[in-house]
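Next up: the structures, one after another.
Both complexes below contain chain A, partnered by chain B and then by chain C.
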Partner chain A sequence: MNKLKRNVELLQGNEACVKGAILSGVRFFAGYPITPSSEIAEGMARLLPQIGGKFVQMEDEIASIAAVIGASIAGFKSLTATSGPGFSLKQENLGFAIISEIPCVIVNAQRGGPSTGLPTKPSQGDMMQARWGTHGDHSIIALAPSTVNEVLTLTIKAVNFSEKYRTPVILLLDEVIAHMREKVEIPAPEEVEVINRKKPTVPPEEYFPFKPDQNGIPPMANFGEGYRYHITGLIHNQKGLPTSNPQEIDSFIRRINNKIQENVKDIIIYEKYFLDDAKIALIACGSVARAAERTVKLAREEGLKVGLLKLLTIWPFPSEEVNRLAQQVDLIIVPEMNLGQMVLEVERASRGNCEVVSYSRVDGELINPIEILGKIQEEIKK
Partner chain B sequence: MANLKELSKKKVLLTGGHRLCAGCGASIVVRQILSSLDDPVVVGNATGCLEVATTIYPYTSWNSSFIHNAFENVAATISGAEAMFRSLKKQGKIDKEIKFVAFGGDGGTYDIGIQSLSGALERGHNFVYVCYDNEAYMNTGIQRSSATPRGAWTTTTPAGKVIPGKTQYRKDLTAIIAAHNIPYVAQASIWRWNDLVEKARKAFYTEGPAFLNVLSPCHRGWRFNMKDTIEIAKLAVQTNFWPLYEVENGVWKLNYKPKERKPIREWMEAQGRYKHLFRPENEHIIKEIQEEIDKKWEKLLVICGEK
Partner chain C sequence: MKTVINNYIREEMFPNIWCPGCGNGIVLGAIIRAIDDLKWDKNKIAMISGIGCSSRITGYVDFCTMNTTHGRALPFATGIKMANPNMKVVVVMGDGDCSAIGGNHFIHAARRNIDLTAIIINNMIYGMTGGQYSPLTPTKKFGTTAPYGNIDQSFDLVKLAKAAGASYVARGTVYHVRQLTSLIKKALNKKGFSVVEIISDCPISYGKMNKMRTVVDMLKWIKDMSVSKKAWEDLSPEEKKEKFVIGEFLDIDRPDYTELYSKVMEEAQKMGVSR
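Presenting the complex of A and B:
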């Protein structure tokens, strides 16, 4: 292991995202400047040309994700980065990437919204937009790191999931995670698990670009490899041609949803802190999870049996795990930097097995450990 | 033409105390343009330095109605306001004159906002669109735009071993706007304040859409001493990098012809964003940029009937 070229660096969250993307094989970035994600574009502009990759600054947010889709179908692992206003503009093409099953990663460094909102302040206001921002029935994968090191590891995961499941993946940062600096252990390239899209094994004349394999995911030929390939935003049959056959439509919509829903065990990532004997559980993600972790320590010092479920995968939502937890504890508190978005999923998943309480903050300030502790004490007194 | 003394007596619509950088070109652009007005004005502002720095909570520098919409929407938002005003006027519910102006930087105008700008011009709304062109996304930290000139360093066109700054020439937006065949289009400079104020007046008091493109030197992004803003604006005109002209009802007219055009090197030498071009291996780029400027100037002379 000593021979591996592993570096420890002090990195900003956005810089760690760049490193993770490159380690996972991303060689194309198209983007548009927007606070607080611009450092990802800047880092990509500097590094990609040096390693045979391509950086393109586009004329707007819509163009950025469209170019990423184009580059991905040409065989490059592709990523774009933005924040709330840009994420809103990208929703149309996000849906296109879902229906045409084109792997790509969209980083959303969340800031306060709606609209221009609070460009330099953190928020978790896009949890539901990540899930339902684009129209129509679809599943989505969204990951949310809470440390700079996790930005690196989850960026790699995001790229891998997108390749494995032929789907866009969203990486939800927030302004604090994007801009703060922490120690990051950068793995040696040979240590990194890199997943590449499955290629067709049949000759071009036998290839159906949207015919699923046994896992529900069609092997993907890239443009220029000799396979005839028709891609459209219309609902299509296995050949990729538009269809209005109800059976084909039904099986297509169910397949693109099921390929994610049936693999939740692989996709869902979380961490548990002091949950074994907990009677009160916190469920948090992103920068709020950092505060919640500290709250657990403070509460334990006071003899309160509090634990934390830190979610790294937000979508698909870890319903089973939350349901198990709800059967164990008396109370779940969900602190989040929005008016209560994730708490809705927690309520649904806990199915009345315990009390679920929201703790929300929307003033552009971080939630701190003391106020979560205060909320716990307040709930105990009730 | 008003003289400086008269202009100084006009109501100040963009007041002091805003937080644009000392030496910023944008506030000079806005103040000179608004000083040409005799009527009340509705100001629309795309996202950018101007919007952010003039409206920092809980203050505003705007002595007028003001609306900021997200980055790409200013021309469309003003379109709606102007259309409703025109309707109310037609219905006899408003009798006074109100002017409409939209301000956008080059990012909000050349790039993300060009669709809504083009639509508003084609529909013929009676408004003035002003681009304060500082040649990059300065508000987010100096990323290239399609107005960034060839060779310039930005954070997304970093000068190094692989590329020598931006590799493409800038988009000729003024000509693109002129191709919309609107009543009035002009390119102007804060250095020639009398020319700019006159153009602004024409723009406001011409029926139909009008467009002004004004170079707005940015010392943070261009890397020059903040006291030299007007000097840099002046050199841009004297080198023919930023020619002053207007297109009035389809007729092109040159407004300034330097006695002897200065070499573009002089303008570039004054700015840190070009310093890598002065290395021997990049010198040819300066030569090519000079040739391009001269070629475009010759074309402009022909269009303007000077040749």
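Presenting the complex of A and C:
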């Protein structure tokens, strides 16, 4: 292990995202300037051409995700980065990537909204947009790091999940995580687990581009490799051709949802702090999870049995884990930089097994540990 | 009867969804004949489309095909071409698809001069949604959303493409099929962003609103309204307004985007990680 070339660097969240993307094999980036994600585009513009990758600044956010999907079908692992207003614009082609099962990663460094909102302030206002922003029934994977180191590791995870499940993956940063600097240990390339899309093993004339393997995921031939087939945003059959057959429609829609829902064990990542004996649990993600971790320490000093469930995977939502927690504790508090989005999922998953309360802040300021502690004390007094 | 066309289509997809008399089939034939003349490897051709009647064309041809979102075919194609410059990338769009919702992508693809061929089937109407006017519907003509006559000034796609930076720009019609095939062939072969606008007929949606209810009426109208560049110059300003000028309008050489980017890569690799 000592021989592995690891570097320790002081990195900004956005820079760590660039490093993680490159380590996981991303070789194409298309984007459009937007605060607070622009450093990702800048890093990609500088680094990608040095290693045989390609960068293009497109005319808008819509074109950026379109180019990313195009590059992916031509064989390049691809990523784009944006923030709220751009994430809204990307929803159309996010849906296209979902229905056509083309891997790609969309980074959303969340800022206050709606609309132009608060370009330089953090927010978690896009949790539900990440889940339901594009129209129609679909499943989605969204990850949310809370440290710069996690930005690196979860970017790698995001790229790997997109390749493994043939689906777009959303990486939800927030302005603070995107811009803060922390020590990051950059893994050596040979110790990074890199997952590549599964290629067809049959000859072209036997290839059904949307016929699932035993895991529900069709092997994917890149354009230009000798497999000629059709990709469409219309509901399609296993050959990729449009269909209006109710049975084919039903099985297609269910499959592209199930391929994610049936693999939640692989996809869901979380961390537990002091939950073993906890009677009060905090559930948080992103920069709020940092404050919540500190709150747990402060509460324990006061003798309060408080713990934290830090969510790194937001979608699919870790319902089972939350349900188990709800059976153990008396109270779950969900601090969020929005008016209460994730708390809705926590309420649903808790199934009335414990009390669930929201603590929200939408003034563009971070939630601090003391105020979460205050909320705990207030709830205890009730 | 099997023809060269059969070597390039997905026969299982036929009959197609286009209405009887639609010009899209004529364009499909012309594209296939042009590609056949060029003897391109089918495995290396990506044909990309957006949304609309014309965009269904990608379902019918035996290439690497992608029917994307409305107006967005060009940026999808840009990603494909960037990732794999060895692919021959052809984009087929309708008039609304290319010049309304996709207008921004069109001018920027031209500005980059990325090596793609953009074929715009201009039937001057939104056909699939039932006949609403498009940015290419001529002034005073009718659509379901212009029941009192269109007051908009239409785009001249040829001028737009030239001004935005394309390398090759031509206009043909579905009436002048031989000329059309040769214009498409030249565009396909051109390095850089090449554009062929094709004046086409939609008897169902455009014709019925504009007193040309039959295919023959529509094709006659296209024939009568089309003039060569030379004949155009002799027309009065009033006469010019209603005519379609056909032929080649631009054929220049300038470096395409993938070529320029490969120089960026060389430069970046020379400078190395120090930057």
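Structural remarks
Here is the rule we use: the second predicted complex is superposed on the first by the 382 of 382 C-alpha atoms of A that agree within 3 Å, B and C clash if a C-alpha of one lies under 4 Å from a C-alpha of the other, contacts with A are read in each partner's own complex, and residues count from 1 in each chain.
Note that in this section a residue touches a chain if its C-beta (ideal position, glycine included) is under 8 Å from a C-beta of that chain, and two chains touch if they have at least 3 such contacts.
Since the structure is predicted, the reported quantities are computational estimates derived from the model, not experimental observations.
When the two structures are aligned on the shared chain, A:D60 is found in touch with chain B and with chain C. In the overlay built on the shared chain, the residue A:E92 is in contact with chain C alone; chain B does not reach it. Using the contact criterion defined above for the overlaid structures, shared-chain residue A:T116 touches chain B, although it does not reach chain C. Shared-chain residue A:E42: touches chain B; no touch with chain C.
Touch criterion met: A:P33 reaches chain B, while chain C stays clear of it.
Shared-chain residue A:G52: touches chain C; no touch with chain B. When the two structures are aligned on the shared chain, A:C354 is found in touch with neither chain B nor chain C.
Of the two partner chains placed by the overlay, neither chain B nor chain C lies in contact with A:I268. Which of chain B and chain C touches more residues of chain A is settled by the count: it is C. Chain A residues in contact with chain B (one complex) as well as with chain C (other complex) are 46, 49-50, 59-60.
Only residues 10, 12-13, 42-44, 46, 48, 51, 58-59, 62-69, 72, 74-84, 86-87, 104-105, 108, 261, 264-265, 267-269, 271-273, 275 of chain C touch chain A when the two sit together in their complex. Interface residues of chain B facing chain A in the complex, by the touch rule stated above, are 47, 68-72, 107, 110-112, 114, 137, 140-141, 143-144, 146, 155-158, 160-163. Note for the complex: chain A touches chain C at residues 28, 30, 46, 49-50, 52, 54, 56, 58-60, 62-64, 66-76, 78, 92-93, 96, 100, 223-234, 241-242.
Those residues of chain A lying in contact with chain B across their complex are 32-35, 38, 41-42, 45-46, 49-50, 55, 57, 59-61, 85, 115-116.
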